[in-house]
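There's a structure below that I have some questions on.
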């Protein structure tokens, strides 16, 4: 684990995405009309993602535990793809990129789990960091995502 | 949560993949030669994945807790891509597809976390179920992956 | 911890309740119209409760870990009270009463947490077992609740 | 999750209660004389409550993880009721009300779990916040509890 | 993780020990007279150990999750040493040796944590398996411990 | 739980050890040559230990949750003994001694778990604090270990 004892707290933000691709427009409609038998896919997956962000350091050995001060989860539909956008913020000595990516993956996996009974062709595509600020260098991949 | 009280135990297997794509052959060499500063990427990520499979029901609200009886994690390199192949087995009333996909995602995220200091362009691509047996219907996407 | 090595699996069910009492009809309306700033109170609390049921043995020292095979969470409104009804089932050597009550308490606490910014007078009342079947003796308090 | 990145640390305290009501004075005596077969009800439940307070953000999606700097758990007997009083303190950007209430509920549930074999009529009543200091406004319900 | 899908459930038991050695008879007296400032050392450590046994598969990557059907924790004092004896039982495809040893280590660590303010010389000695039954071969080191 | 609300953050370090004793030089060779069937013992156990340090406050009731800012795990072989040396650092109001000792015990238990199939005589000896700095008084037992 990287030694961060000498570092200062600064505001860190990270935005990550995950793409869930379904195999039929009916699946998209079922989500939007809240007719998926397991429940409200967006809300349940948001709850899972909020908890997942906070558990990142429990699952990844080298991740520093850190105070999650903000998490936001949004959904965008593009054809058969649902794009999950997750923003995480902290004031700490190290960034929240992996936390944001972990949250995005948990939201995507929960959508997969809830959609499995009605769509056998769901896949998760392209979990990536879109943007980060704070720390030594900022990154912005959001125009190329 | 789906009611499985009336179902019988049968042998269930699932194989899932995740693809980690790095931005340079140097990153692949660093992994293989065990020169990544954070440690042995394959072994640490395998440990994270073994634990991650077991924590699936802790993270996804509708997942049934179940006895994980076998997990295996393999790596394949194709150019700049590392393909993670994970197999999970149980004898239970419901399958282990989501557990395999969750394990694959945790392995991939841990690789991302360990590689981040040496490669800013790592992405996770295409987490998907390749194969499952047991349950009402078998699935085999392994030829089309 | 009670020794259950000699016991047989039987179908066990438990129904528990928790009552959340708010201080104004506006709070009830905000929940029903999904206008609570923190999000959809019913769905987020359901997600928390589904996870909470599965974590009971992690929190209570003497509880046996057991396979949760079904959980259902319903809400009923009576004036300023929201009654949470939770049903849990398993086929195991011991019952799921405490799991149902723990789930009910987590749903109630999550409602409290989400409603706190808009209603300072929320209280949790009367977490109790309504009914259990399976095991040595059945219990039915559901007519007296 | 509410954005607290701009807030300052201040000392926050919260006092919450839960009431456990048993159905017979024999149950109260068994607790006080440490004759409950599952063990010392007060001490085991205190241990569960101390751990429970720390796990609040693991169970409730919108709760910020925060450094618990003090927890104290006391018991008061009034007839057939045991009143659990729990105090939690932190220096942080947000309060510990929900942490105190979660801790109180875990203490109460553990008492229920340990007493179940000797008293089938145990109920949990009235989990509520009694007092909080720090933050925008103090609350004191302790005279009306 | 070893593949146990083909194995049959049998009754498995394991007994493990840990030794906590203190530096003064005053520490032993403080424990027995329940005068340790942090609380009742035996009962709090028993609670931690009961929970710890159940969390073994969460901490050790290759451990199979399994149904803990019985745990018992006893203490024996010999001079400056406190011997923790822990028994774990299950009916499952694999044994509970590591679960018993993990429980013993958590009890010992909790005693260390609670005694630290009054005795700077506490050490943990000799965590070992004393006995196991069930499985391919029984082991009995209890006469040589 | 000790009240630390009034304390100041200072740099705290702790070094702890655990000794794993095997029964044959073949076991040592199998570890070093990475021929243990369950996998790479050093790397898997390091991963378990890094995670274990972070989970200390989840397992021990009186431990304060705190930001782990550095963890390092080293191995030394002396005959049939493997000495695990673990260093933990934080800037916080209380020390990381128990965190270091817990990490050491988890590394040792994981080695036991992985070696069990090839060596029935593995024991864990002497988990102890070697050194701490920060806080009211420094301790240095490292010359007497």
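Just so it is clear, A, B, C, D, E and F label the chains in written order, and each chain counts residues from 1 on its own.
The rule is short, and it goes like this: a residue touches a chain if its C-beta (ideal position, glycine included) is under 8 Å from a C-beta of that chain, and two chains touch if they have at least 3 such contacts.
The chain lineup, named per UniProt: A, B, C, D, E, F = Cyclic pyranopterin monophosphate synthase MoaC.
What you are looking at is a predicted structure, and each value in this text was computed from that prediction instead of being measured.
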Counterpart interface for D-F, drawn from A-C, B-F or B-C and sharing over half of its contact pairs: B-C
Pair joined by the larger number of C-beta contacts - D-E, A-F: A-F
Subunit A and subunit D, separation of their C-alpha mean positions in angstrom: 32
Centre distance in Å when subunit E and subunit F are each reduced to the mean of their C-alpha atoms: 17
Per-residue overlap in subunit A, given as positions that touch at least 2 other chains: 2, 39, 44, 46-48, 51, 55, 58-59, 61-62, 67
Overall pattern in which the protein chains touch one another (line/ring/star/complete/other): other
Interface residues, subunit C side, partner subunit A - complex: 39-40, 43-44, 46-48, 51
Complex contacts: residues of subunit A adjacent to subunit D: 11, 46-47, 50-51, 54-55, 67-72, 89-91
Touching residues (chain side subunit A, partner subunit F) in the complex: 1-5, 57-59, 61-62, 64-67, 92-93
Touch list for subunit E against partner subunit F, complex: 2, 38-39, 44, 47-48, 51-52, 55, 58-63, 97-98, 101-102, 105-106, 108-110, 112-114, 116-117, 120, 123-128, 139
